[in-house]
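The letters A, B, C, D, E, F, G, H, I, J, K and L name the chains in turn, as written, and every chain counts its residues from 1.
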């Protein structure tokens, strides 16, 4: 099983961004934790970060065909990245959307995700642990489907 | 550590409701799974379900004082249960909001949660596993806070 | 054939409420007229009224499984009772929504029914006779389906 | 007692239009059923159909003075036919608005009727039987008024 | 003269809720102060609190007929309790709406009261004293009417 | 100088429509008064009424080329008659829009005229005299332009 | 018969303002023309202009009691002068609202008049002649009422 | 203790304005009643009325520094007087907003107060007695603060 | 293969209407060009124009059954002709919507087409050539389907 | 070169108003700094402040004819002062709008300026230095135009 | 004559994306067909695809100066690519916007194109043939202009 | 002191873009003028332009840590570049937003800046001089802070 973990704009700055909102773990630390857990679950994990929507779309186009699921934190693209939305829909893979902070208790414009309608589900506001839960559930869901 | 798990209107019908949206597990099965996991995590779990907003508010008022956190699936009250919202805010406890189906890929009116702005975070669309993840993360987060 | 007739908040006050809007018949008189007509049509009729949305949801959950159709006047819950809407949808029964007064010629906020999208149809503004028509048409429609 | 039954645009195509929405009865069959029932009720029934709003307005202007009530299915004019609305209001007759399909469970723009605010009441989504019920209730209501 | 004082959801928690918003007096203390002032004014006072809209509607239905006026703090139902609104309108009694905090300087959704349009008047943001003023003015207004 | 006076849907019923809104003069009486005044002003007046937008558009297409100005009361088409709006714009003639009743103190939907943006001006709420004033000013304005 | 003619902000600059919109006549010239016509009609005319809403309100308060009607061009206050609206409503006099330019073919925000709903009628876009027509119709309407 | 009582546009006409809405007391009578009550409470009261927003702003600027609280009925400025709002906010004094009529049961545009968000609280629809209650509560609140 | 070409209100005035928007070709010239191209493509072409929505609906009802596709320029009915929309949907034929001018760079209200959602596609702003392209593509698409 | 510097409501309180928003300089200090800089630039500067929109309009009407440009901080009138907007547009002078605080990071209603569309440009949030920059750029722009 | 054909995000996946919406032709096949047709028409065609808005803007900046027209399918950037819109407007070239699927019969957010207002015209929903038609009409239109 | 000057999409085309809106200076000329002025002020200036949001975000991430302030003209990203907004907020540096043209007198969609709420202030519509003023004020403001 192969799962893509995609981080959108400014997530490479985790640990330096407002810690009250985003916690103190860096992106490297989160990716490391994810890979450790993926190892336990016998999942191949590919991580990617970019600040540009075009590069994120390129990545999904290239990797989706050889993968089984996607975990994505689209950063601010959550709210306007319709090209990213389309490539996720085109991939036909199950997508779990993760937000470190609770986007529903922040500015009004952060309450709407253009990604959500093409996602299997969403985890918001539960910090770096949201990624781990996304991985565990996505892997379990994919296993369950395979078995059927 | 004591955590309340609250199920709103119609969640007692899980297993009988549209299975494509809500899965085939009954509420009893979910509560049992949650309690098993709570046992592992050394958490005391109190579960409650009601179809009436008043009874849900009563329950939170009575139990919040002796508890450390709340996991809630407010059912349709998600979208208009402002009394429920107020009692959760009054409780001053960390709240994790769980939705079995992805409320953001269903009818427009299901996209807005009046609960979300007073919650620590939200898990939506990840089925019964969303409850388990909510429990694990809530317990971990509470432990982390205590240690500090 | 078994049909539920459900009356929402304040409908127990019919006959005492503004008679220009709601007519002079009491709820008992309407229920009696409905039962007489049901007798003619060989329909078993179960009537219920409550001022609380929770109790209405409880009733539908308990009775829907043994019934063939629902006639409901949701009272003011018409406009915000999303839990009631969900239980009606979950019942998978044909639902006829009845309003004694014409909700479309009253205040703007009465023009939107959250129930309507899960109903087979709606009768509004035709007084107590609207219930009788609802019963006749629901029974005829159910008979027609059975015959096919 | 004389009642006008008015059918708006495209209702002459009943039986050929989408049968899931509109049923399989033709307009002739509905008019025949209405006239049979009108005979029972000692009501003179005048039916009319046009695809043009102007012709519908002309008809109401000419016939309203010699009639006691109006049953109208305005077709798509329901949503923008303000001239039709005005002539119905000017007629000062009781109007019952009938829709074969449930306009409240279809496209958003079909949820608003410009006719409803000048109607006595509305029956929506109950198929051809909605016309019969409209006739029965309109006749009964008119008789009741006369008696007083 | 008999006046009902009705407290909606979560008001039984006064004194424990956010004191900056709601002050430090408990509901018992407020009811006691109201009863003392009612004694001075020769008014019979009946107080009631519930977290459920159904129970509040039941109470108004049962008590309105033997009473002369209503003072109500609808809590969060202020913003969506249309069944409560209808029973207050049906009562035909003068209603004074009281809010301890200033609902117009809080969240946007608290700025709209569905109760206000059926109330004689409203006092908002003046703390527990708002209840006393409501009682004094309601009693004086009722006396004035009687005298005429 | 040749001026068209165009009356939209239901204006042929003037004198019979609600007299508080529309006055007691019939359309014939208004047309006669207009023609008398036109005689004084040496203006050739052509009047037309139809309940159908198509016929109104036909009339403008046929007559505009031989005319110098248009006075129009579009009736309810004021609010949705975009085809009528386009033909008036295409005519390139000065248009004065007349409403017998004050459309700005009636229902919200009557406050918007789709015609107004292609008109020279508008007279609303001044009864049949509004037509006379429209004629006088249109004639004077046309004379003034000619002189220049 | 005594009629007030009130000019709002910036109307004292007529003749200097954009002549394509407002024509080339000065306010003095318009007032002179109005007084001449008033003489013909045996009407006493009092004219007033101010750039301040307060002064306009003061004027109406002082003069309304001794007058029979009001002609007002509220200038930009048309769109937000609610105090001016209230004093006109309080005056209980028939009010004719005049706009020299067609407010409905200009910026969107000029399409809404807060004055219109308390006016008898409105003349818009017909230049200085709109004032004369307003005077003639207001005088005629007042005479007609008196005669009855 | 010194309290300003400020009356906005058209409130000098109380007693002459629509008595059903505003009661029959004149502004002088209300001011006299307020001063009598202020005497009881050992409060120095300064009253002011103007129809112009500028004059009201000037007054608050000049008087706020020597005062302890403000009671204001902003009249129609309630809905658009943002300069008045700013000066009240700048004053840093507790402000009680009073409306004689219930602004929430009148026209839609009267439901929004630009003043409310900078006020301590609001009394609406309780007639002249609302002023007295405002004075009593403002004085009591100020005394309470001082004591602390 | 038989294709209907339908022109809505005011399109008979092409060549006389604003040439910057609509070009200098008359409707006859466009129909002639279309028929020539249809001849090349072995398509039977039936053209129709009317200024009345009713007549357009009549035409589609009568002709759709014997035709394979529809090209329509609905004129201003594009924006409100819901009866026309319904008959096009009922026809179950592929519909290509053509606009000579670019409706998306004109007034805001021209940006929304009620026809578009029932059309196969739309060509806008490409002048008379848009019709030719519509014909070529519709014929090719129909041929392709037949072949399968 | 002569430039008007106009300060709207409450700007005479600078230095006393919330210093975090508006800084600690008084209006006199700002005017003095502006005049010093104007001296350097050989510009005649006329400053004016009023709390009343009428007085601001009067000032622009009187001074615009003898001036070359306007710098204005409209205070709260920024958001509703349409009379002020009209007089600025009528002046045909280049206008620079200055706001001491950043109106786009404050309350939603402060984000819209009715003045901006008639201004050359706007400086917001840069404190008292915004005025100096406005003066320098306005003078330079005017000089540049003259030279051409 | 030189024409740019620009394909936005995800269009490089044509043939693999949902074939019901986008057809089965690959981008290469479409480009090849376009080039063949361009050869016939003696047009030099330059094609470009990118998933990043920045690269698309770069391309237009570099190529527009040496080209005569642009055909663009902006993909999801249609709905938010304002930088792309600006560079197309800056190019001052005629632009034809092409969409393979009918954007007006899909999700609500796909109904609005930020590109359309700067385009000559738009072809939507006519599959790969829409590109060919765009090329033919653009070439013909450019030739026509040159000849004049 | 080190200040970043960032130019968004299409600003590299200054001098070639519509000169009425954007003036005739090229970006190089503006950067040169800024650097000259920076030299006077003893400020190190780093300039950057890109048409891609990703590259702009990368630049801010890399440079913000070694800089003291940011001047940015976000081009069309002003209206949707939420990733750019987030990186500017994350930088915690004072940001001055500059627009050459007056975005508030252009298309409606240009009136909203997603950047403004995280900026210190904004200069709009004052041409290339706006950049110079931004530099002068930003430098002065930074110096002032340092001194404290």
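Definition applied: a contact is a pair of C-beta atoms (placed from the backbone, for glycine too) under 8 Å apart; a residue touches a chain by one contact, two chains touch by 3 or more.
Not measured: the values here are computed from a predicted model.
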> Which chains are in contact with both chain G and chain L?
Replying inline: J
>> Counting one step per pair of touching chains, how far is chain I from chain D at the shortest?
In response: 1
> Can you spot which of J-L, B-E or C-D is a repeat of the D-I interface, where more than half the contact pairs line up?
Replying inline: B-E
>> Quick check on chain J against chain L: do more than half of the interface residue numbers occur in both copies, making it same, or fewer, making it different?
In response: same
> What whole-Å value do you get for the distance between chain B and chain H if each is reduced to the mean of its CA atoms?
Replying inline: 46
> So how far apart, in whole Å, are chain I and chain J when each is placed at the average of its C-alpha atoms?
Replying inline: 54
>> Can you work out the whole-Å distance between the CA centroids of chain A and chain L?
In response: 32
>> Please output the residue numbers of chain H that touch at least 2 other chains, ranges allowed.
In response: 52-55, 80
>> Let me make sure I understand the interfaces: which chain pairs count as touching?
In response: A-B, A-K, A-L, B-C, B-E, C-D, C-E, D-F, D-I, E-H, F-G, F-I, G-H, G-J, H-J, I-K, J-L, K-L
> Which chain J residues qualify as touching chain G in the complex?
Replying inline: 52-55, 57-58, 61, 80, 82-83, 85-87, 90, 114
> Where on chain D does chain I make contact in their complex?
Replying inline: 8-10, 12-13, 16-18, 50-55, 75-77, 79-80, 109
>> So in the complex, the part of chain A that touches chain B is made up of which residues?
In response: 96, 102, 104-105, 111-113, 116-127, 129-130, 133, 136-137, 140-141
